[in-house]
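Handing you a structure now.
Letters A, B and C mark the chains in the order given here, with residues in each chain numbered from 1 onward.
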Amino acid sequence: MQRSSPILAITAIAVFIFLLGPLVIVAAASISNTEFLAFPPQGFSFRWFVNVFEVSAFRDTFLISLQIALLGTFLSLLIGIPAAYALSRFGFTLPKVLSNFFVLPILVPQIVFGFSLLSAISVDFDLPVFPTLLIGHTIIVLPYSIRVVGASLATFDFSAEEAAISLGCPPIKAFYTVVLPNIRGGILAAFILAFITSLNNVPVSLFLTGPGISTLPIQMLTYVENFFDPTVAALSVLLMALTVLVMAVVEKTLGLGYFVR
Amino acid sequence: MTKSLNLTGISAHYGRTQVLKDLDLDVKAGELVSLLGASGCGKTTTLRLIAGFLHATAGKVALDGRDISSVAAHRRDIGLVFQNYALFPHMSVADNVGFGLKQRGIAPQERRARVGEMLDKVDLAEFADRLPAALSGGQKQRVALARALVIKPSLLLFDEPLSNLDAKLRVDMRVEIRELQRAHNITAIYVTHDQEEAFSISDRVAIMDAGQISQYDTPEMLYRKPANAFVANFVGFETMIGLRVTGRSGGVAMAEGQGARFALDEATWGPLPDAFTLGARADGLRVMAAGGDDGLPATLSVRTYLGRSYHYRAETPVGSVVANGSIDRPFNEGDRANLVLVPEQCCILPETA
Amino acid sequence: MNRVLPWLLVTPAILAILVLLVLPLLDTISVTFIQEEGVFAGYQDFFDRRFNRGVLWRTVRIALIVTVIAIAIGFPTAYFIARAPRSWRSILIVASVFPLLTSTVVRSFAWIVILGRNGIINETLMGLGLIGEPLSMLYTEGAIIVGLAYLFSPLMILSLVGVLENIDKSVVEASISLGASPAKTFWRVILPLAMPGVIVGAVLVFTGSFTSYTTPVLLGGQRNTVLATLLFREAMTEFDWASASTIAVIMMVLTISVVLIMSRVARRLNPAAA
């Protein structure tokens, strides 16, 4: 009954083709039975998917990326949740600049941060590659932990926690039994956002990867610079499948509205 | 200048749901007509259709006989006052009021003069440079009113304009709206779900139900002579008794049904059909001692003291009803009683319930 | 109330950022000023080189163009999403979020497949007989711009959907009922009210493009150096730490200035938010 402009609709459709088309093309190129990237795919083969698992560099770096992302996300939540809790519960007693301070890791260009970590920590303190990578990733995902958990705490009514305490529940137990279950969604969202951010990160890892230890995105970058076969296309498809899986989890547990905030 | 409005055979759909069914409405030039009904009855849809934000699937909208169904919303020259005021949050009060004049290419000097004059009229001259966020609800609604009026529209539409205000302000504002509408002599449609508001402000009221107009009449006629059970119930005839005339003698009809028996003088009640439904307000049923010849037998349950009278909840063959009792002779809860009719507070519906 | 507890809870986060982010950055900054030739010698040296000035200008230029493109394609799309029926809206938002959750390497790589010598565009044009020789589109500044616009448009869309959804529909209708055409309503009512979202989106897109590494390296090739690739080269190929630090500080200062200035502009532009 309500009329909307056809020009607007056509523009939007064109933009969505622009946004999703290239990913579709990559997916199509991954099944091409050729030694080079081809679209439309010529022939049909899963050999490049098999190749992904046969290139040991991809396997090794994927495991490293996974460890870094899981550990880094876990550490960031470990220090992020208490901070987010303090900010929403006792925000008035803490200085206002604090919440701005916590976005510093987003504000500073990541490539600059990666370089600084390399020159200050890795070189000056001679720290091995893995812990340095872990430090870098923990710091860049920390703002997500604090802000996403904070957003979920902002809608929590702390009088419920006070009610628990007044009913004889010790404060720490009250946090575990009353607050934590109510911000589960926020913690899961923070976890997923941080995990994906870490898993895809290039600019921080760029300077920190060393001999023998690299992350998957860096390995892919190196591969793409040197080879033109569809292996990376196949790997891309696998990573996109992982993203779809993660989004499905978010959808199931939190609803799609979560992405808009 | 002042224009009449005619809706003929309007049907409208949201997707597959039909929200307006073959609706007709005639509004005379200068009249203020309310569309009254519960939410979902189609009143707002009708208003938005007139404004041009929705399009009917059938029928036409005519201003002074000219079909405007295919005229774009911004060319219709209709002033619209919204429930949530819909002021432009980034413009000052004066810019808000001047917006429509600017669209009409009125020169800045004249624009300022007309905006100033209008703001004087709604008592907001000193707020001209404020942003809407700095105003109270009542002030915001007066800005919205000024903004719609200053363009001297051919038609003024109100979409529940007072529902976000508190009770006292609501009464003041509706008087103000009525005065401004009369002073500018602009035809107006007023959508509301508040019966008192609609009756107090309107020349005529269209009571809507399920996408159709149930009855379209003056407030007095609607209040006293509802045309059907829906309207009767809407204007407060809560008790319905299905009756049948069993005999007539000397201008008095005996009507019986549902355990009740009434002698109705046709000089007072008007000519009665053989079968009809009698509707009664709480004040239309009077509690008398049990044992009279006619009336509705009842057992009294809860008594409420109202100052001028008592209200009783009474269990009767037609269900639990509210009836009125004299202050001089209170009954006790649990007493058996007889309910008799007060003609002015009752209505006759030709259909049987 | 306990006054120590709040501080106790925020201390780990503060310490982590302070020790692992702020201190290394201060170290990098201090390196640039401790030079044998004088305090500002590092910066003087950077700006004295024509090549460096070219790189800086190219980086700024690319980031600006990408921002403009992102606004141009992001605004109508976001408006369309904001106005779409509820069920459609979530699907469209997912379609916008999905690319953001996909690796930047994958997304830049996609454009190699499209723009390359044997890429789709060249194959199609040659197939149609419109060109005899493949066009060299890859490894150009244009390729970087397309790749970055592709990378960052979703950010713009998502920043705008939020504000556009919050614009009261009846305000738009009020404007139209007062006689403003849809186009006028857009310029006088919708755009001013959406400005905070445009600015947030523009800051995200500009700073993201300005500091991006992956896309310029994959789509720009050797000739189209930008600040990020220059920083990497100075540090990892030339091992010139002082010079790399100088570039890092220039990038940081420019990025943070843009953020601070624009957030101030946003606050001034939006008196209604008060």
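Criterion: a residue touches a chain if its C-beta (ideal position, glycine included) is under 8 Å from a C-beta of that chain, and two chains touch if they have at least 3 such contacts.
What you see is a predicted model, and the numbers here were worked out from it, not measured in a lab.
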Per Cα centroids, the chain farthest from chain A: B
Most heavily contacting chain pair (counted by C-beta pairs in contact): A-C
Gap in Å, rounded to a whole number, between the CA centres of chain C and chain B: 56
Length of the line joining the C-alpha centres of chain A and chain C, rounded to whole Å: 18
Of all residues in chain C, the ones touching two or more other chains: 182
Residue list for chain B, restricted to those that touch at least two other chains: 53
Residue ranges of chain A touching chain C (in the complex, touch as defined): 4-5, 8-9, 11-12, 15-16, 18-20, 22-23, 25-26, 29, 36-39, 78-80, 82-83, 85-87, 89-90, 93-94, 98, 101-102, 104-105, 107-113, 115-121, 124, 135, 138-139, 142, 146, 196, 199-200, 202-203, 206-207, 217, 220-221, 224-225, 232-233, 236, 239-240, 243-244, 246-247, 251, 256-257, 259-261
In the complex with chain B, residue positions of chain C that touch it: 168, 170-171, 173-182, 184-185, 188-189, 192-193, 270-272, 274
Chain B residues within the chain C interface of the complex: 51-53, 72-80, 82-84, 86-90, 99-100, 103-104, 131-133, 144, 147-148, 151
Residues of chain C touching chain A in the complex: 1, 3, 5-7, 9-10, 12-14, 16-17, 20-25, 27-28, 31, 73-74, 76-77, 79-81, 83, 90, 92-99, 101-107, 109-114, 116, 118-120, 123, 150, 153-154, 157-158, 161-162, 182, 207, 210-211, 213-214, 217-218, 228, 231-232, 235-236, 241, 244-245, 248-249, 251-252, 255-256, 259
